[in-house]
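You will see two complexes here that share chain A, one where it goes with chain B and one where it goes with chain C.
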Partner chain A sequence: MEWEIVMGLEVHVELATKTKIFCSCTTEFGGAPNTHCCPVCTGMPGTLPVLNRQVVEYAVRAGLALNCDINQYNKFDRKNYFYPDLPKAYQISQLYLPFAHDGKVQLHTKSGRDVTIGIHEIHMEEDAGKLVHSLFGDTTYPDYNRCGVPLIEIVSEPDFRETEEVIAYLTKLKSTFEYLGISDCKMEEGSMRADVNLSVRPKGSTEFGTRTEMKNINSLKAIERAIAFESKRQIELIESGGRVVQETRRWDENKEKTFAMRSKENAQDYRYFPEPDIPPLYITDEELAHYRAICPEFAEAKAARFVSDLGLAQEDAEIIAGSKYLARLFEETNAIANDPAEVRYWMMTQVLYFMNERGVQAEDIKLAPEKFAQFIGIVKAGRINRQVGKQVFESMFFGDDSFDVEAYIKEHDLEIVDDKSLIEETIAAVIAENPKAVEQYKSGQTKICGFFVGQTMKRLKGKADPAAVNAVLAEALKKL
Partner chain B sequence: MQITEELVSYVAQLSRLRMSPEETAEMQKQMSEIVSYMDKLNELDTDGVEPLSHIFNITNVLRDDTVAPSYAREDILKNAPEHTEETFVVPKTVE
Partner chain C sequence: MDIFQMTALECGAAIRDGKLTAVEAAEQVLAAAEADKTNAYITVCREQALARAAAVQADIESGRLTGPLAGVPFAIKDNICTKGVKTTAASHILGDFTPVYNATVMDRLEAAGAVTVGKLNMDEFAMGSTSETSYYGPTKNPWDLTKVPGGSSGGAAASVAAKSTLISLGSDTGGSIRQPASYCGVTGFKPTYGTVSRFGLIAYASSLDQIGPVARTASDCAAVMDVIAGKDPMDGTTLDTPAAGYLDALTGDIKGLRIGIPKECYATAGLDPEVAAKTRAAAETLAAAGAVVEEISMPFLEYVIPAYYIIAAAEASSNLSRFDGVKYGFRASKEDYSGLVDMYNATRSEGFGTEVKKRILLGTFVLSSGYYDAYYRKALRVKAVIKQKFDEIFAGYDLILCPVAPTTAPALGKSLADPMAMYLSDIFTVSVNIAGLPGISVPCGFDKSGMPIGVQLIGKALADKTVLNAGHAFQMLTDYHKQFAEVK
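Up next, the complex of A and B:
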């Protein structure tokens, strides 16, 4: 039988405010355990939480960017549960009237399909603390630094059918929130976390199967593997006559498997009730109009502009525009260098290579556009060739602020050899020292030309213009 | 709504309360009285009345996003029944 996978996502995004959602403790990542804490975020009796206005702004702008209807009148509720990651024994969240609902996100997947994913709702809530479990003993050590960090939870409709749609969705959320400047969305650091609700059904069926919820997935690669594992598990279970149990399953990255979490943790009865400490929130028409007005240009619009105005190929434009940081480097460098094709070349070959192969994150790129543009000027003036350029670019890319392109080229003696007589001399020497290769050439093996070019470049330490070497070589071979 | 002994025990368990059979019986009586008062309130016609979400007629009590110093860790930890120099200590929560 052919099966169809049905998925819905719950994505938690930490908002990049300076302080926590209900108190003035810093939200800075890391820090010694329990040093970013006060009586409010550790749930001491008699304290009064007060909502951070920046949280409201960031949340509403996220809602608008995901095409949601905004509940201008919205409010908070208490979700009660006993677990030591939350010292109050309840989480302040939004259940009955979340601030945003009924949005939609348009996706363009890797295989080129256009898909629309519905957003059921988005609510504001507080993050929980981090629990460190002792390896051998029977104790757990809570660290409440993260407790009270503002989150939005984006609940999608069960509209996902393929893994690539999930990847495209998360990539788009990250890109959108980066452009808005409301979150850094680092999955590895936990500032963006996805729970995947997954069920399977016979293809063509319109009824939903029983779903499981997978938690603890902290990278796009892990999500791909978790979906592959869990869908296969459910299909095999059903095909062997079993049935799927509705439960929460933990993805174990090392074992590459999902595990049922303790049934006690599954028995949830949160006894929600209206939060008496936080008065309702009213978002005015003026605020909404203002947030719409300051909405930045997002990835699709930017990519379209890169294609129409700057002549980039669609695929390249999507990759560069997909990241606020790559797009900024591209645009600011091009503003000075005024050569989009050349800037694109170095970004798509070198920068992307460093990101894919060496794990460089776009937001961590330090390269200044001024320096990048200066480098491009040097390449275009023919002062270094492309091969040498790669070496210079790499040193510049990983170098610190004090890196000086001109000084580097001088110090390493990388300037191009455009002395025609030197190239002629070198080629003559290569020909004289390799009679065997000359014989091969004379017997019609013209492929051997590559050997001569290689030897010549090697002697010139790669600094000659390959086109010039080819031209001089052709002359020399003619004379043989 | 019928308040059974099972329901009282269930709510007690959710709230992490340990109760003797006498206390459970007492709670069952008191909770039944509270819930029957709700029935009384339900006799009122509330069509077209917006639910009250807060007892005061106020909205938007907000603060600016400005960092203030957190508490000294020893002060945060000192009320806990058990703690180390850095963290609270609780019974292990995973298998």
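Up next, the complex of A and C:
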């Protein structure tokens, strides 16, 4: 039988406000345990939460970006459960009147399909702390630094059918929130966390199967593996006559398996009720209009502009525009260099290579557009060839603020060799020292030309213009 | 100079005039607190109080502190957090919890030059109407040590009545300031919800709790309001109302004030005829001074108790969840548990008293999935209706006058033996909290056995000054508030 996978996502995103949602403690990641907390976020007796309006602004702007309807009148509720990482023993969240609902996200997947994912609702809530278990397993230390860090939880409709849709969705959320400047969405650091609700059903069926919810998935790669594992598990279970149990399952990255955490029967009753300590909040028409007005250009519009105005290929434009940081580097460099093709070339070859192969994160790129543009000017002036350019670019890319392109080229003597007589001398020497190769050339093996070019470039330390070398070589060979 | 001959305002004036120092005042109250026979205090903080009194005295002499309460000794209900002074909410589960922060009211009192002498006994987590559920033993009524002082702010009322302090802060969730004030023959004021910051008040029912003063007179209460009222950035539920002007509003003029007397209150089963008579007589006193007194209807009276106990218990079940043995306070000893859930169970079973556990269970039940709509949501609807009905009444009246409690103080042990009767005795006070209104209890007489009776005046939201002024006017016409218990 052919099976269809049905998925819905619950994505938690930490908002990058300076202070926490209900107190004035810093939200900074890291820090020695229990140094970023106060009586309020550690739930000391008598303390009260006071809503940080910056959180509301960030949240509403996220809701607008995901095409949601905004509940201008919305409220907080308490979700009650006992756990040592939750010092009040309740999480302040939104159940009955979340701030945003009924949105949609348009996706363009890797295989080129256009898909629309519905957003059921988005609500604001506070993060919990972290438990650190001792090596010997006998003691647990709570760290409340993360308590009260603001989150939004984005609950999608069960509209996902393929893994690539999930990847495209999360990539788009990250890109969108980056552009809004409301979150850094680092899955590895936990500032974006996705729970995947997954069920399977015979292809063509309109009824939903029983779903499981997978938690603890910390990267896009892990999501792909988790979906593959869980869908296979469910299909095999059903095909062997079993039944999927509605439960929460934990993804174990090392074992590459999901494990049952708790079943629906054992599901906690969170005893939600309206949070009496925080008055209902009202988002005014003026605020909404303002948030709409300051909405930035997102990836899709930007990519379209890169294609139509700057002549980039769609695929390149999508990659560069997909990241606020790449797009900014591209646009600001091009504003000086005024050569989109050349800027694109170095970004798509070198920058992407460093990102893919060396784990550089786009937001960590330090390269200044001015320096990048200066470099492009040097390449375009023909003062260094592209091969040498790669070496210079790499040093510049990983160099610090003090890196000086001109000084670097001078120090390493990398300027192009355009002295024709030097090239002629070098080629003559190469020919003289390689009689065997000369014989091969004479017997019609013209491929050997590459050998001569290579030898010549090597002696010239790669600094010659390959075109000039080819021209001189052709003349020299003719004379043989 | 015996400061117990004075009101708090008179004491403040004497200190300002140099007839008395803040240190002498503190010494007298400390000595009385330490000799207190009613078990009104959980903690007496002698050293801190004397150090503070000396500092305040210096500030008064240098002219830095000029307010009417500068140098006046205060006692504070033990569910209000006091920096560096043990705060227990009268519960075992808080152990020796000592806050590293002040409640906002404490910051404000200290800024006004008040001197805290100790922390007052109460029902555990303010749950009770008798102050008998305290882990630290029951407080007794100064007028008769075999009787309860009322609750939950029993210590706050008993200490004022027993001359072991001049003035105190209590908290009122369903009558917890007004009812003990009535039982002890003192004045207790519950402000409009949102007028006084709750930051640092250990929550019982967040949507109902409000801090307020207990004192000998309405004018002392007004002076305290001038200090503690007003918006607080640490409490999002505080209202943007003018913070001061309470004392200045006490003109004593009540001519033309329209006062309604709800007939349902006087038809309540179990209403002591002496209480009925004295409170009606109080209405006549006010009428003689120019108020217009008429009978009105409060048709919702029979619904207030169930609505109150559902809302209060629900919120309490959540508010008290943080007392889990993980972070501070009491934790069961290691031999008594294995594993996390077991630690929670052992700690909470041992750390909470019976009444608290009962309310946590009730609250947990009414919030449970499947029961939420039938109980909690319905109670919220009733709350909305009650608010609306009060609005209708206040469209025609400035104040409502009724008893505070159906009887005078019952004997120790009697109420907890019949908890249903105890819950029902809150009938005249809880609706004020449900609707978030201001209310005052002022002494209006004594029953045949010499136990005090209080009358309650209720105003519309934010009419706190009207309520205080009516209480003040009544006290200008009567001397019930000037009679003191002889503690035997």
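Keep this in mind: the second predicted complex is superposed on the first by the 473 of 480 C-alpha atoms of A that agree within 3 Å, B and C clash if a C-alpha of one lies under 4 Å from a C-alpha of the other, contacts with A are read in each partner's own complex, and residues count from 1 in each chain.
Note that a contact is a pair of C-beta atoms (placed from the backbone, for glycine too) under 8 Å apart; a residue touches a chain by one contact, two chains touch by 3 or more.
Quantities reported herein were computed from a predicted structural model and do not represent experimental measurements.
Engineer: First (chain B), second (chain C), both or neither: which does A:78 touch?
Structural biologist: second
Engineer: Thinking of the overlay built on chain A, is A:56 touched by chain B (first), by chain C (second), by both, or by neither?
Structural biologist: Touch partner of A:56: chain B, not chain C.
Engineer: According to the stated criteria, A:142 is in contact with first (chain B), second (chain C), both, or neither; which is it?
Structural biologist: both
Engineer: More chain A residues touched by chain B or by chain C?
Structural biologist: Looking at chain B versus chain C, the one contacting more residues of chain A is B.
Engineer: Applying the touch criterion given at the start, work out whether A:88 contacts chain B, chain C, both or neither, answering first, second, both or neither.
Structural biologist: Only chain C; A:88 stays clear of chain B.
Engineer: Which of the two partners, first being chain B and second being chain C, lies in contact with A:409: first, second, both, or neither?
Structural biologist: After superposition on chain A, A:409 lies in contact with neither partner.
Engineer: By the touch definition at the top of the document, which applies to A:457: first (chain B), second (chain C), both, or neither?
Structural biologist: neither
Engineer: Between chain B (first) and chain C (second), which, if any, makes contact with A:384: first, second, both or neither?
Structural biologist: Once the two structures are laid over each other on A, A:384 reaches no partner at all.
Engineer: Which partner does A:107 contact after superposing on A: first (chain B), second (chain C), both, neither?
Structural biologist: In the superposed model, A:107 contacts neither chain B nor chain C.
Engineer: Per the contact definition in the header, classify A:46: touching chain B only (first), chain C only (second), both, or neither.
Structural biologist: So A:46 only meets chain C here.
Engineer: Overlap the chain B and chain C contact sets on chain A and report the shared residues.
Structural biologist: Touching chain B and chain C on chain A: residues 39, 42, 44, 50-51, 80, 82, 84, 142, 269, 271, 274, 276, 278-279.
Engineer: Any idea which chain A residues touch chain B in the complex?
Structural biologist: Where chain A meets chain B, its residues are 17-19, 24-26, 32-39, 42, 44, 50-56, 73, 75, 80, 82-84, 97, 131-134, 137-144, 262, 269, 271, 274, 276, 278-282.
Engineer: Hey, which residues of chain A end up touching chain C in the complex?
Structural biologist: Against chain C, the touching part of chain A is residues 39, 42-51, 78, 80, 82, 84, 87-90, 142, 269, 271-274, 276-279.
Engineer: Under the touch definition given earlier, write down the residues of chain B that touch chain A in their complex.
Structural biologist: That would be residues 14, 16, 53-56, 58-68, 70-71, 73, 76-77, 79, 84, 86-95 of chain B.
Engineer: Within the complex, which stretch of chain C touches chain A?
Structural biologist: Residues of chain C touching chain A: 79-81, 87, 89, 94, 97, 99-101, 103, 198-203, 205-207, 233-237, 314-315, 317-318, 321-324, 326-328, 340-341, 344, 364, 367-369, 372, 376, 380.
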